[in-house]
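Following this line, the structures themselves.
Presented sequentially are two complexes of chain A, the first with chain B as partner and the second with chain C.
For the complex of A and B:
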């Protein structure tokens, strides 16, 4: 195995010979992190708030999100009427908008987290295998990736969820099947370059198996890009979920979702602006906070990803 | 989008950038090196040069390049000078026709399906067709039968109708309409090879006969007074032209109706022009345009800005908005439709009549009507609306009573309620959700499943929907039609629906259907309705009141109970 360096040279190892793997786990520029600190903290706080609202929905919601009081149809928000029973107004069936918004957060957060975790695991596993194995495995996967990426992601998600039918698991499955490719590409690239590093060679020299090298030596070193990508992808996933629910293809009409509320409220925009405004606002704020968080993480952990 | 844009779009040049690019490229080929100086402005000044260039890629646009091109300019700058040259060729007989350049734009919720009369069953398409084609008979705005191409008719016996043709009716190419055209049109519809969706409406017809040029005889298999009513849906097409041109006739058809077909841009607009030689006098406007606008907020925005003159179907929730706008008029009419929820008689626990009655009792129809439907509906106690033959006012149906509904569920052994899926379509989603919300009170949890109408219809036909919110329209307003279609076991071969079947009822239904005397028929239908209400294969809901809206300068537009529109007498002030 002494032919290691010679083997690495034709592969075009990046011209950063002294970059130790450990260095990538520490923030690349501490000043960058400090500068971003405040924005990151604010974004993280908002995101955690949404997670808390989703988890504690039954405790926080003032009423049952499905309870209809038909005479209260289109009742304006509490601060306009002076009556506190519907703080954000009532919808076209007299249901409390705030309660529906709170329960709607559950779907957005659950889909966001579950999809991102599942597609990160699936995508990075496949990417790492392809990147480490190279050869035919890599070629086949690349072909699959290219085919997969030829479909616009949202169109693919629409087709998949229409085929799978409504429901939370089906929705997550549809989004995972569209979302895994980006992880796969990034991780494959990372592993391709890392596998030629000295520490990998060293591990190989002492007789570590391929699986062990991938799991113990390569994966920890690609955690930073995965984390950054996952955070950024979460924003996309939340938007996709809202879009699918808006189109009536999400979890189904019987569960309150922000996208569904937005679509239902859209037709009453002139009579009752609060039906579409608040879910729209909720989507915007959540997605903005996740995006800011992702940006800060990227700047702090992996500035190289900025160019991707 | 405002009015001026509409005018521009109605011109054949509205292909937009694509059209311009194409024609400019062709112009380039034709004129060689001159292109360097061609600008957009230059294009508009050389319509004559463009006309042959456009003819090749878009043949339908070719015949009318000059006049309409200048028309929008005249509208945009309404000076006497620019209007003069346009008016001259367009109105050769100014005394007879509608006001020059008058146009009526009508929005419907769906686009035309086809131009071939027997090949569809959709009200929106029928509304367009009956302006192009004429029919033998017609129903007036209060749904009384009246002759159209037929001047008169007589009932020879219970199974034979004899029609006398109108002498002054002619095709839009000037040839007279004869009895042979009528026979040809019906025979074509009934031809099994054509597989026409409209054939079902004529299934009682055994033979058609053109006795001479002005006499048609139609015979039915069984005594069936409704065949006469159904004839008002069947357009008459010119036999010689259809035979000569085949299917291509229906690309640019001619009819005997008040308007001639001009252009159909799929998904965008259907343009019709006044037929000045229509037997019933020329129509009230020169151009009639139908536009499909499915989205209700877009529909109202267009109506408020004057982009459209008539919106044929408007959701009830916009009633207050229309009433509050001095430029708009809200027009209502009772409809010939009922909303219902089909209950699959094979699904547990809906197979128990007590459960079906409980569901009927658990819905507060008046609360839903007054809130969600803005009062624009009438609750019905059974499957018929009040205007239908066979409706019995003494049958009161199921009164709203949650306690009784719960007691019935207990008696049926499902006191803890149950969970099912309620299939519905997007337009009825809100109502279905309101119904599901009310059924929760008796422990019945329904998850509302919004489906495409076509998909839902297939699922219903196969008897695979457990509960479905649907709308049934019977424009013949005769209980016999409703009962035969939905509650006769004879229909279960094709329409599984609720699987409801009761052999002795089938006999009664057939007996009523084939009774020619209307009073006797009514009595038979009343008896059938009683049984159906007791068996409750549906949750009987309401008869919606149809709401249309028009600009206030539109005169003579009457919404009809059957949902059809006859627009040839409509004018614009």
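For the complex of A and C:
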């Protein structure tokens, strides 16, 4: 980076003070990058905050999320009543909304991370194998993709979740079986174009096996699109989990979830607006941070995915 | 063109077979005996359960069950609903007009929002309007539709009392059913009151469903426009002195449109998925609500039929989109 803009006036031009901005002028593209990095850092910070809340839930929650205090039913948020015991109010069973929100973060974060990791591994492995092997393997996979993509993702997740029954592992399985397709498509395409590149040919010439080429030469080169896709998909997964919980599917009523809280609150919209408002706000802020993170990662790492 | 459409339909064969296999497998995934689950502990004797199982063919091996499922599907027999004791296809077709009406109006909302927003955004690339529209689009993608729906109900139904919170039409408003599409029926029978009432019921659900879809489409329209905006033919059109309006409408939009149509086509198939939740919130008597009812009644045959129906619809929309793409972009060869 140069020491600063040269302000010396060219010959023959009167040296009037030039109205430059106070700050050093940064080229427009770099300014964009800087702003994007700032946005990325902010989004990452918000996401990490949610992760922290999920991990430290028992320490942070002011009370037991399942403790029912019936006299406290429908107590409005603390700032309205002036009593600090329920900062975000209490629900129809007198449970503390803030504590339930804090514990609800656990399901959203855990399902988001686990689903994204599992479907990224499954989807990209299948995609890489098909893209590298081509021929019948690829044909079979394309057919499988066509079949899978015929189902609206949420409908497939709902049907799988209904068939598999409640519980965290089943919920994650249902979402993985729904979500693997996007990774598979993108990675297959990437590998199809990468496999003809010189470094892959070179590896083949020195006798590397197909498995080794996929694992050591192709996969490291598709990590950027996988990372971008995984981040953007996490937003979808979190919303899907909330939607399933909202419908009474998902992990079941045994633990608080934002989607479940939203569904509970829906029935008491008239009496207690805070029951449906805060869980939705939590989902939105978390998903927004993940989306912004994904967008800036995409701009930074993989401009080709822009149209997604 | 016709041969292309026919070819596409023939190639659909394996996909349709796969779809039927996947929906069939869903039933096999259910742990335990589906008959017992569907009876939900009703006091039935073991003989009764065995009789029902034989009646539904559930005592056969899975492969035999699949073949008979398939042969029934070919004749349009989607099975029988346990909950309603009626053929599944009839139940689905009955709730179809409500969903199509909602999805159709939502689609109009989505296109009405996203196309102008995306185009103006791209033309003012990196301007204040573009930033605002991009922000609104990200917000729209991030906020779950079922939450926005509840907030709108809270504002416009509970607090202000302007719009109804659920249903398709108020009981007191009589409407003679002709097609099952209330908007169409009220126009056909000249029933102004019913039209106003049906529109009021549609307003919030269609806005929620449409804006969720519109947020995605806005981003697509914008990036599709940005791709053409710097093309040589756009520079050429400008340098030969064409009015900016002509450059934008017949050079940029004309070329940016085909990919957008693809996205809208795909979304049209997806909007049905979104309808599942929105219909549940607004007690909208369509397929979406039927899905949730089938799940809570554990009517797996109905659920299976609905899922199959959703998949077939989406496949249909995908083919339609491909064909439409070719019509809009003559450079695409149907081969």
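Following the convention adopted for this analysis, the second predicted complex is superposed on the first by the 273 of 308 C-alpha atoms of A that agree within 3 Å, B and C clash if a C-alpha of one lies under 4 Å from a C-alpha of the other, contacts with A are read in each partner's own complex, and residues count from 1 in each chain.
Here is the rule we use: a contact is a pair of C-beta atoms (placed from the backbone, for glycine too) under 8 Å apart; a residue touches a chain by one contact, two chains touch by 3 or more.
Note that the structure is predicted; figures quoted are calculated from it, not measured.
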Just checking: does A:246 make contact with chain B only, chain C only, both, or neither of them? Give me first, second, both or neither. second
Taking the superposition as given, does A:276 touch the first partner, chain B, the second, chain C, both, or neither? second
Scan A:287 for contacts with chain B and chain C and give back first, second, both or neither. second
Once the shared chain is lined up, is A:166 touching chain B (first), chain C (second), both, or neither of them? first
Name the contact category of A:151: first (chain B only), second (chain C only), both, or neither. second
For A:70 in the superposed arrangement: first (chain B), second (chain C), both or neither? first
On the superposed three-chain arrangement, identify whether chain B or chain C touches more chain A residues. C
Going by the contact rule set out at the top, does A:94 touch chain B (first), chain C (second), both, or neither? first
Tell me the contact category for A:254 with respect to chain B and chain C: first, second, both or neither. first
Should A:267 be classified as contacting the first partner (chain B), the second (chain C), both, or neither? first
Could you pull out which residues of chain A sit against chain B in one structure and against chain C in the other? 248, 266, 269-270
Listed in rising order, the residues of chain B that touch chain A in the complex are 295-297, 300, 315, 317, 320-321, 367-368, 370-372, 426, 429-430, 433-434, 436-438, 440, 446-450
Touching residues (chain side chain A, partner chain B) in the complex: 66-68, 70-71, 73, 92-94, 166, 248, 252-254, 264, 266-271
Contact set on chain C toward chain A in their complex: 14-15, 18-19, 21-23, 26-27, 29-31, 138-139, 141-144, 146-148, 150-151, 153-154, 158, 220, 223-224, 227, 259, 269-270, 272-274, 276-277, 280-281, 291-292, 295-296, 300, 303, 306-307, 310-312, 314-315, 318
For chain A, which residues are in contact with chain C within the complex? 143-144, 146-156, 158-160, 162-165, 235, 239, 242-243, 246-249, 262, 265-266, 269-270, 273, 276-277, 279-281, 283-284, 287-288, 291-292, 295, 306-307
